[in-house]
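Next come two complexes built around chain A: one with chain B, the other with chain C.
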Partner chain A sequence: MNLAIKKEQFSKLQSLIALLVLCLVISLLSDKFLTVANGWNVLRQISVNICISVGMTLVVLTAGIDLSVGSVLALCGAITAGLLKMGIELPDQNLYIGFTLFGACLIGILAGAALGFFNGWAITTFKVPPFVATLAMLTVARGLTMLWTGGFPISNLGASFAKLGTGWFIGVPVPVWISFLVVLLAIFISNKTPLGRYIYAIGGNENAARLSGIQINKVKIMVYSLAGALAALGGLMMTARLDSAQPNAGTGYELDAIAAVVIGGTSLSGGRGTILGTVLGAIIIGVLNNGLVLLNVSPFWQQVVKGLVILLAVIIDRANSKGE
Partner chain B sequence: MKHLHFALMLMLGLSTTACQPKKTPQEKKMAIIISTLNNPWFVFLAENAAAKAKELGYEAKIFDSQNNTALESDHFENAIVSGFQAILFNPTDADGSVANVQKAKDAGVPVFCMDREINSNTVAVSQILSDSYSGSVAVAKHFVQQLNKKGTYVEILGLVGDNNTWARSKGFHSVVDNYPALKMVAQQSADFDRNKALEVMESLLQAQPNIDAVFCGNDAMAMGAYQALAGAGKADKVKVFGFDGAADVITAIKEGKVSATGMQFPQVMAQMAAVFADEYLRGKRDFAQKIPVAVELVTLNNIDDYAAFGKK
Partner chain C sequence: MLSARNITKKFAGVTALDQVSLDLYPGKVNAIIGENGAGKSTLMKILSGVYSDYAGDIELNQQVVRFRDTRDAQEKGIAIIHQELNLIPYLSIRENIFLGQELCTPWGLLDRVKMHQVTQQLLQKLRLNLHPNTLIKDLKVGQQQLIEIAKALHLNAQVIIMDEPTSAISGAEVAVLFEIIGELKKEGKTIAYISHKMDELFAIADTYTVLRDGKTIESGEIAQVNPEQLVAKMVGRAIPQLDRSSRQDNPVELLRVENLQLPFKGAKESSGNPIAFSLNEGEVLGIFGLMGAGRTELFETIFGLTSKKNRPELFIKGKKASIQSPADAVKAGLAMVSEDRKKDGILPLLSVKKNISITTLTQLLQNGILSAKKETALAVKYIKELNIKTPSPEQLIQDLSGGNQQKAILAKCLATQPRVLLLDEPTRGIDVNAKAEIYQLIGQFAKMGLGVILISSELPEIFAVCDRVLVLCEGQLNGNFPIAEASEEILLKAAIRL
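For the complex of A and B:
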């Protein structure tokens, strides 16, 4: 037990060391990197990815995967934007329903939770492998986004909604606050609640978990719903930030989230990993993106470098977990 | 409104599939094969081609190649087999798409290219092309004039694997690089995506806080770059240049937020292709192989003549 805790701590430390080394290298090459303004930039830019990858971590801990998060983000952002901008009109009944900011955001997030619920339902009830079920949802949700928006962006959503993406609160950008609260909540769930223990138990050994009386299906459905809701929250932040819901928003974001989870030391086979590790992973990706642009590295090379960093992180992680 | 539309589409989707067996084999129909529908500009192109084809009395079906030449090849095979009489075509790749058009030609199905060209003058009946290169030359000339031939700027490229990205970048540099006092201090890609452009621009502003202008490979990225500038309080110091003529940028030019864009005419190209196909099927054979559709410079001076994706 003691040994396991030490190992966990070491793996957290290892991401932290990687991050510090990365920061050191970039700051030696560019004097613009270690500034307060740039720090806020990086934190603001990663807040969407943090929301998504926190949800992804919970899913991966149950030995699952959620490939649909990018499309769910786009759909829910578009739903909220559409409701805010146009409301719902029912000419037959001579009815127009307008939405308050809160109402539109709430429906966006609930829609995300519902899509996640559907993922969880397909995975548990029909035993569809998570990879396949969420791959299907990736396509379906993207298609629904196109139908809902007609393929065109929904823009100019009003100053009060924009604050969700561009505002500041007590000296900290609003999206950073939101992602901070999401992280706190997820750490609380994973460490202090029965749900958290069940998640780890299922990922560690599903049969053992079932035999010990855990309602596996219920837990999984909750986890996928949560991942969907968090992707939707990311979608709201991005839409607010751009003042526009883009039909192709979030394309490929599932890969950034999985990368953050993996770099943060969470095992793709489930049962092992931490939220804090994922946060570090997301920061590493954010710093890397920011640093490569600051140094004006060619866009061709950027992709190569990012890929190699992910590979390196997993190799180190594997080397560490060999002893178990 | 969109929502109703959505519900209606679902319902129509159900009802039309139910009636499909009634089709007669001699029905007149055109296939519209589009490189991608993941971008409003191409959606607009496809919808206008379909609308014009319907107006001319054809059934129209849109195929989405998802920027994938192999998928495009499947669409061609399906369109040929299922008896479409003509194909209105927006290629994924200038070289890779030639074989697909050849396949249609061999099967006796005429192909009309829209917006992007293919590298062959013998397989398509006609190619109605957006002149991205000369359009970016026009934007570049305005750029030089606005900056008084001196200053520093950054360029935000589209997808680095896309032909249009480089046609626009090369057209731009063919003008701007003749002025040694105009210095490009960074060149980065944001994949034609508004959010990526916002993030890239935020980072660029840290490295290069004193730039005078930014040239973006499309309008979505121009909007993202503008938002980064506005967030950093530099919107009035740095001039933004885009390309496409999208709705948001037309509004932004009116409000003085964006300096200029290159207006393309997807509606003109789409309608011309549909009309040509109709004329071909009625027996006309002499079509010009290449018809360039000029890209026009839109600035605050002439903004009142333009709307999203075209003239008013």
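For the complex of A and C:
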């Protein structure tokens, strides 16, 4: 057994211990916390963030960042909602296209992938820094959401679509299933496929990866497209849960996702980190949110506490990797 | 006089230095030699205040001192030129030289005029024809190394430690450096000089200390020994000479390069005749030239790393190959080991295994999934074949010595089954033993029918392994010599266009 691997496992264990301690403390302070209902509630709440954070992890592993996920989530949720509710009408040609549930969802997710593709294209072809390219997309996608919705929510989307957010399947909420499958898929990609290895290689040393014959641009475009598609999936789940696509949905979600990634031990300079770490990070944030609400902490203080936890997590992570 | 007495230093339980003693005499060049991992750099870092936790004593002029940090050491007159460059790329030469000791006007503002003058004098002293406002990032590696030296000179230190100062610079620059070392000696400065290059040591050193495995083996006057004896002390045995007798003379053309224009700084359009040459199967073709002659650029152009315009025409086995990117180059059967191992070579956060397999992952699939078994088998095969010293394939590559990192990089290149290997200074900063091993490997590759193109600043290296040498001068091909017709003098003359 190798020292570096042991160390990595230990630091993963550390966040797990932190999570358990957090749960213990909250359950001592509130008897509503440690109930089955609240457990599912927390998991359902974080499933949107998990979807986004998983995509964000892949992006951050390549030493990039995606600030556009919150807006992409809103736009894609709105697109699906709009297609479901109104279809496409072209009065000049006397044409009306209706959409099935599956068709509308698929188009929403493809739209997310397309927006991510655009991010990746700008970043690779024009060498725009990821921060700037996705910041631009954050604004553009939000604007497009406003244009598409006219600034009003699109609500009453039908019972079958709502199941995506509120339904249960074999005793587990549907969004939890979805995020679980997303996590499995991402772990598979990152550990078992060449693409996953290329992502780590590019983040660790892009020059060396290029000289090894890896098609850097292709990999990056794929990663940003995937992040866009996952943000869109999160948008669908959220729209379904609220039974409404809100034009200002997902504002600030990119920060929650980045927080989950960072708490999970992924290095913002790329090349180091795991999907599982991010999942733990997202759960820690979710439990913290839930606990603070249960304990009646004022929302203003909640933000302060959340910020301090992020800082603390990174400080501990730094201390762990200092010996390397 | 600076002395170390029974210095012991451990890293995470591993003893790097074990009771090492060393005397550095003023007015002399004190050579410290030993293989990579012998503890030279660690000892120098202790002497210059980088590490302050060690057992033993350091005596400066008969007084025991312990430097808190590098600044403390600098104030006491000790400067170090590290093996790795420590310059800030987006600051100018002037700003880098004065970093941390900026001169100020009485108003407390930066005194640019004064600093400009001093920088200019330093640059003149180093025969560098550069403007003090040039950004470091626009300099070649060799020039950057000389700026490091300028920085140390500027400190006006009594003791100057040079950790492999010539590993990145070429003949003409080495000559300048040696002149400056001579001047410093005359001024009574103490110079500690670490190098792997025997010819250099015998050219300038006065005393020597040999370290091996963290212990002092021997100290003495350099005049009392010869290179073979020193090398034997470093490694405990003599280096085997490369056997080239069995390399067959096989004139089957493997690669032909035509119409290659080297991009040059300053000149918008490259001028002069385009470069053309060919490489045969089983041939080791050397590329010699001074720093800045365009050697690395030649590789980059061939490998698809430069602009898409002005691509050279490449023919592999007579067939035209279109190479627009490194990925195309690898597909066409080329592989390249770049000059800067840390920057362009290793994937530092990944294991040895993953570094070796990175080029051929798509061949290691089973039902579309990466097969851990196949991957490990590949890594183990190359670790054995190239004799990579690592505790396990899972070890992080950054924990290996430079020579073993380089062998792992060779392994990843070989894994793609290339027909042409481009090696850019493959033995830079590598100890004598690993160097000999890499020469042996190059010989084996050639025997297997590979064509090897080798860029080297070290003439003995060219003569040790190459069959033919191309000489570049200012971006132009200025000579093509079979090794039998070449001599160090001929190559140097062609390189400086005498």
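A few notes on this one:
Keep in mind that, in the parts below, the second predicted complex is superposed on the first by the 323 of 324 C-alpha atoms of A that agree within 3 Å, B and C clash if a C-alpha of one lies under 4 Å from a C-alpha of the other, contacts with A are read in each partner's own complex, and residues count from 1 in each chain.
As a convention for this text, contacts are C-beta pairs under 8 Å (C-beta built on N, C-alpha and C of every residue); 3 or more make two chains touch, one makes a residue touch a chain.
Computed from a predicted model, the values in this text were never measured in an experiment.
After alignment on the shared chain A, the placement of chain B and chain C results in a side-by-side fit free of clashes.
Comparing chain B with chain C, the partner in contact with more residues of chain A is B. Shared-chain residue A:Ala319: touches no atom of chain B or chain C.
Legend: residue contacts after superposition of the two complexes on their common chain; A:Ala159 is shown touching neither chain B nor chain C. Legend: residue contacts after superposition of the two complexes on their common chain; A:Val36 is shown touching neither chain B nor chain C.
Centred on chain A, the angle reaching out to chain B and chain C in the chain A superposition, using CA centres, is 130 degrees in steps of 10. Once both structures are overlaid on their shared chain A, chain B and chain C have a minimum Cα-Cα separation of 34 Å. On chain A, the surface touched by chain B in one complex and the surface touched by chain C in the other have no residue in common. The part of chain B that touches chain A in the complex is made up of residues 1-6, 9-10, 37-40, 43-44, 157, 160, 185-189, 193-195, 198-200, 202-204, 206-207, 209, 220, 223-224, 227, 231-232, 247-248, 251.
Those residues of chain A that touch chain C in the complex are listed here as 2, 4-5, 191-194, 197-198, 200-201, 203-205, 207-215, 271-272, 323.
The touching residues of chain C, when paired with chain A in their complex, are 12, 303, 305, 325-327, 329-331, 336, 338, 343-350, 354, 357-359, 361-362, 365, 368-370, 391-392, 394-396, 399, 412, 416. Chain A meets chain B in the complex at residues 30, 32-33, 35, 37-38, 41, 44-45, 82, 86, 88-91, 146-156, 166, 238, 241-244, 246-249, 251, 289-290, 293-296, 299-300, 302.
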